[in-house]
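First chain written, first letter: the chains are A, B, C, D and E, and each begins at residue 1.
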Amino acid sequence: MNSISEIAKKLLDENRVSAVVGYSIGSLPNKTKTVIVKSSQQAEKLIFNNLCVNNLAIYLTKSFRLTTQKPVAVVMKGCDVKSVTGLIQEKQIEREQVFIIGVKCNGVSEDGKNLSPKCYSCKLQTPKMYDILVGEEEEKNIEFKNPFSDVEEFEKKSLDERWNFWMNELEKCVKCYACRQVCPLCYCEKCIVDKTVPRWIEPHTSKSSNLSWHITRAFHLAGRCTGCGECERACHHNIPLSLLNKKMAKVVYDNFNYQAGLDDKAKSPLADFKFQDKEDFIR
Amino acid sequence: MKRKLETQITLNTLIDSFSNEIKTLSKVNAYECYQCGKCTAGCSVGDFLEETPNQMMRLIQLNLRDEALNSKTPFLCATCNTCTARCPMDIDIAKVMETIRILSEKEKKKNVKEVSKFSKIFLDSIKNHGRLFELGLTARFNIENKTPFKDSELAPSLIFKGKLSLLPQKIKNRKRIKKIFDNSINEKKGVE
Amino acid sequence: MNYGYFPGCSLHSTAREFNISTKAVCSSLKINFTEVEDWICCGATPAHTTNHDLGLALPYSNLQLAAQQGFDTLVAPCAACYNRLKVSDFEIRKSDEKKNRIHEITEDKTEADISILHLIEFFKNDFGIEEIKSAVKNPLVGLRVASYYGCLLVRPNEIVNFDDEENPTSMDEIVSAIGADALDWSHKTECCGAAHAIPKTEIVLQLCKKLLQAAENSSADCIAVACPLCHANLDMRQNQINKTFGTKFNTPILYITQLMGLALGYGANDLSLQSHFVDPIKLLTRKNLIPQLEKMNREN
Amino acid sequence: MEEKILTSQFEPKIASFVCTWCTYTGADLAGTSRLKYEPNVRIIRLPCTGRIDYNLIIKAFENGADGILVSGCHPNDCHYSSGNFYARRRFIVFRELLQFIGIDVRRVQFAWVSAAEGAKWAKLVNKFTSEIKDLGQFTNYQKIKRDIFLEEAVI
Amino acid sequence: MSRIGVFVCYCGENIGRTVNCSEVTQRAAKLRDVVYSVDYKYMCSDPGQQIIKDAIKKYNLNGIVVASCSPLMHEKTFRHAVVEAGLNPFLCELANIREHCSWVHDDKRNATDKALDLIRMMVEKVKKNLPLDTIKIPVTRRALVIGGGVAGIQAALDIADGGKEVVMVEKSPSIGGHMAQLSETFPTLDCSQCILTPKMVDVNSHKNIKLYTYSEIENVKGYIGNFEITIRKKTRYVDDSICNGCGICIEKCPQKKINSEFNTNLGTRKAIYVPFPQAVPNIPVIDKENCTYFKNGKCKVCEKFCDRNAIKFEQTDEFIKENVGAIVVATGFDLYSIEKERSDNYQGYGEYGYGKDPDIINSLQFERLLSASGPTLGEVTRPSDGKIPETVVFIQCVGSRDKSKGIEFCSKICCMYTAKHTMLYKHKVHNGKAFVFYMDIRAAGKNYDEFVRRAIEEDEAIYLRGRVSRIYREKDKLIVKGADTLIGKQVEIAADLVVLATAMLPQKDTVPFAQKLGIGYDKYHFLSEAHPKLKPIETNTAGIFLAGACQAPKDIPEAVAQASAAASKVLGLCSNDQLEREPYVAYVNESSCIGCEFCLQSCTYSAIENKSIVNSKGELVKKVAYVNKGVCQGCGTCVSICRSKSIDLAGYTDEQIYSEINSMFV
């Protein structure tokens, strides 16, 4: 797997990219950390292993100012590339601005033991889009799971059970907005929660304003979230944010036959319509 | 329509659900038919019909179930599919004919005796042997139809030319064909 | 490709010559077909007009047999068998519910993923018209052939779609390839009356009369067919037609494979030309189209 | 027994977001035709259903609405051609989200009411009002809203 | 600081009967920021309006709420009054306490409370209202007409007669369109050429019309009032400024046997040609494909004989720019063909022989056979052998109303022209027999049904109700196999000639053309009107109008009527230097817009564009959305699609609506 650092070295030596964003050995056991390598001497730090769970697409958003002049190279798994597709689709970056070092992934782990839940329903061991590809694909011995199984399970609960569940979960939220900061598709420079004229979402934490925030977050990601799970990992109160995101993905898939992050030319489903969209709920 | 309709058309006959029955059985919505008559125009057996194909569709549209099931048209249909192929509304008229014919047979309506007899004997023949025994079929049909000498001039030269065998061909696994017949015809579900 | 051969009932009896000539053509062109073992009747028209499920189960059972015997493609020379096999395959592929029902009926869970070809379709798409052309030894120069497709080869077009449903040309292409004149005539796809031959003979007589008249109008020497029932109706009943309508038709009806056989060098006996009611041998002799050295050819 | 009296006295608060071209005009027609309906609905006029953001609905709930009625032009009748189609998509998704979170979507009703359908509007308001009366006050949401005031009081 | 005035109207008894207006007035006075509150019997009357005007001045009001009838009724009235008092009109709002309150409720208590709620909502809203200015857009007071058929000609003449300049672009060498090909017209049977050619000449000679024939639209930029058009003038190889149309070049050209498009391939033309003798302009075109010089490098006979040296073999395409304020699209129709190989998605008719038989023709070809200026000089003969047909079968609805071929609509004019054909045929071939296969006779129009009756009763056309299943040739005759469903029998006719009334389709390549203009089209590629009932002339792009059969099948009177309607729209638009629009348009907060382009994708009117923001050094900082105020119609769809709330709609801002919601329930 050393080839990533070799590729990085080459790219930096040839002055083709301004930086290489990748993974290096973390300071905690069973964790990796992100490095932004800007000189070829540092390129050796770059690694890839089954602990590289994080989605580095976030470094492509404008706030990091990495893509301004020269392209930036990023190490990406198949699932991460979906976020890049989303960013291209939403005109946040251009394809030429990013050099994708695609890695063939055989599943990653958050704790070094168990496979990350997102890997069970992954069909993108090889990225759909890349500039160079490294790694070997192994025969996956994982039973493929319906990505929406937990959503379907949750939908079986009664209305009150669902409401109480979310009230309990959302009560924990302290509005630190880590979920937002870490999401590669929450790239707005000024988020709706920071807008004051008018103030759509109260800034303090209360069940009601937390609910507004989480409805907003889920809705804004409907048809866009690629399911990388960064938000849930970032939440230090372990609110099951992925469940909401997956529900949105399911609704969009069921109704509009659309999956986020697969086509950078597609219209986003909520900025689009079809004459035959269902309307059985409309009187 | 040469035949006189026996049913008085009243509100009750009109609101029957025959069209729905046809829709369930053949997946054809009879109300898509706008009575252009192209099916009739191209019908191979048009000369022999009392009700033309578009009139059959009309009977369904008006829910005149008895009239449709008593019609000879579905039995005279040669299943050539010309109507279906040329229908501007993409209606599978041949399928509708087939469906009415099956319903009519099932309910023992009056129909074209020779045709249903032929079908029955034909199917008996393959049920027994697995393959068609043509001499047996023709002979039995002519006897049952009381036309013993029909086509008799053809038989000797057919046999002479080696085209009609005097004994049926039989398949080895005759259970297989029995099963198929028993399971599909004796099914409680019936037609479909 | 592993081609299975499904002759059907007629090719073992009234249409023996179709079977014989097909086999002759295949051996000359080095085509390898294996007959599906212990096949059963496809049910023809009576089955599907009596019971929808029966009409699907009988052909499907044959597909299952073919699949069990390791074939991936099934070639049927009989247009009726071909049509029923195709319809059954189409309906069952379309709906899982139907498939389960038919599996119940045949008491067999074999998944029959088999492509079904008519013999003509096979010649045109799999074998190649050019290949046929290059194998011709005895081009049928000067023979005016009206190709008669009938209903079952072209309709319904969403299911059997290897050719245009209103103006099919595949048989004509073969006719041209073997050196004969392919006539563009009006009744290529009209119906001959089909299964009404026995129960409603009068229908068949009238329809066939129109067909023969159209062929005569286009000054055809003979009619080429690829369906045993069409053949039987046009050939066997030609005399009855003449009697009934006072006409004087004397148009030989030949299976397309018989014409191909002639072009490939076979003689009258090899192709069982004598077994027709309307004798084609006179016509072919007059046109000097029967190979003289038939025995030598056979030995080769 | 007590509860029953309470429910019969309960007058639901219903917020309605409508487009100006179809439903607002239709509601005007209900007026000019002197059709009578329940007084519980408060209409907010917007140019098009395309303008009706989901935030507005949340905000109305936060302000104590027991039910919300969203209405605009029938498909293909939109004054702006397709605003209602975008709205329809938005509400397909939004409804599912609410349901998932445990909010009874019977409290959020969508309807197509054309400028000619004054009678439909009157019927709709009556039916929806009685449905909300049956569902009762939206205490779930109002309770969590009350939390804020408690917190504010503490501060 | 808001100073709001509330004015409560009794509307005679209309409001006062169920709403306690004086109570409402008193309670409204206590609302926050309301400094004045008053009631009056008829607020919309002169004295009522005067009360408002006086109060504005006296109490220095900066927000007005009139509690009265529906804003759709009197918003304009009160805003006008407010302006007279020197206040911005958009600081006045109406609380609808009549249609939405007093008229629909019986209970006085409820109605009064609700009226106050409605007023409170409006008071809160009006506090957030901003003074707005009507939008003024400069207008280039000239128009472009695309297409030189009868619709285009009518539109151009009407606009030009109205005193505004017109640029007309026609893709073929002459104007006239399909109408020039017709023989006579229904229901009066007057000669088509006789009524059309004078109009064609008018177009050419009108001082306000600039005509570009043999030209196409290359590019369209801009928006209502300000379009910039690039026209491609295709190479004629004849200098139209020198040529005087003497025709010697045509006479001498050796290439004779080229199918004439104008004569629907029934006649021939030369390689240098004018489409027909009455063509406007009367200037020939060289058909490069068939010209001997272009094919072999030798000939140039035309050049030799032209004494004005107008033949220019070296000519190339020319690009011309024109600025206009409005566009009329009149690109017309094309006929469905029954051929097998087609460029569009439709199937041909195999059962009618895929168009291979020369004696199965379409109705436009039959028009040419009937026309006195046609290839047979008006004698009806059949194309195969020149014989006069004694039996002609007309078949209606070929392609039309045929779901399986992909065309579900009715082509509308075929019933009428087929009736006309039978009459004209009978008038020319007295012993001839005309048969018509029809499904329904759709002859709705002034004198239309009478016309069809005449064809049947007087000119002996035999109408058979049914479609035709097949046509095939039997020696000299075409056998038509149809049915008459009224009698329930098959019908077989041995005909000499078969005329198919084929479906009317839009011109080929309408889609790329529509995309160039940014206007919509339906699934058949007919151009879409902005509203099927109330805006049948407009398109969704402001300033672009439709005329004629490019929108849907139409006959001549309808096409002409629509053309005149489009012309009046253009003249209305061009009557002022500036265009005034209500200021309800979207605007972008550029500091927070992130440029995701969702608004751009969802805008029906293509009113949103990209805008690059650069810093002082000229470096690109970011791209944001930009709303073109001239094009935006103010639906607000973009507002709800924007996640960061960076786009808002003037008059219906988030703040205004937010305030309404917040004050909705007490």
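What we mean here is this: a residue touches a chain if its C-beta (ideal position, glycine included) is under 8 Å from a C-beta of that chain, and two chains touch if they have at least 3 such contacts.
Everything numeric here is computed off the predicted structure, so don't read it as measured data.
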(request) Figure out the least number of contact steps between chain A and chain C, where 1 means they touch directly. (result) 2
(message) Under the document's definition of touching, what chains do chain B and chain C have as common neighbours?
(response) E
(request) Without counting chain E, go through the other chains and collect them into connected pieces. (result) A, D | B, C
(message) Which two chains have the greatest number of C-beta pairs in contact?
(response) B-C
(message) Rounded to a whole Å, what is the gap between the Cα centroids of chain C and chain D?
(response) 68
(request) Provide the C-alpha centroid distance between chain B and chain E, rounded to the nearest whole angstrom. (result) 53
(message) Taking the mean of the C-alpha atoms as each chain's centre, how many Å separate chain A from chain E?
(response) 46
(request) Averaged over CA atoms, how far is the centre of chain A from the centre of chain D? Could you give it in whole Å? (result) 35
(message) Please output the residue numbers of chain A that touch at least 2 other chains, ranges allowed.
(response) 192, 200, 270-272
(message) Please output the residue numbers of chain B that touch at least 2 other chains, ranges allowed.
(response) 47, 82
(request) For chain E, write out the residues touching at least two other chains, lowest number first. (result) 351, 602, 641, 658
(message) Judged by the touch rule stated earlier, which pairs of chains are there in contact?
(response) A-D, A-E, B-C, B-E, C-E, D-E
(request) Sort out for me which residues of chain C touch chain B in the complex. (result) 9-10, 12-16, 38-41, 43-54, 57-58, 61, 104-107, 151, 155-157, 165-166, 189-191, 193-196, 198-203, 206-207, 236, 274-275, 277
(message) Can you tell me which positions in chain C touch chain E when the two form their complex?
(response) 164-167, 186-187, 214, 217
(message) Considering only the defined contacts, which chain A positions touch chain D in the complex?
(response) 151, 154-155, 159-167, 192, 200, 202, 204, 206-209, 211-212, 215-216, 218-219, 222-223, 244, 247-248, 251-252, 255-256, 269-275, 277-279, 281-283
(request) Mind listing the chain B positions that touch chain E in their complex? (result) 1-2, 34-43, 46-47, 51-52, 54-55, 82, 86-90
(message) List the residues on chain D that touch chain E in their complex, please.
(response) 13, 15, 20, 24-25, 27-28, 30-32, 34-37, 39, 42-48, 50-54, 56, 59-60, 63-65, 76, 79-83, 86-87, 90, 122
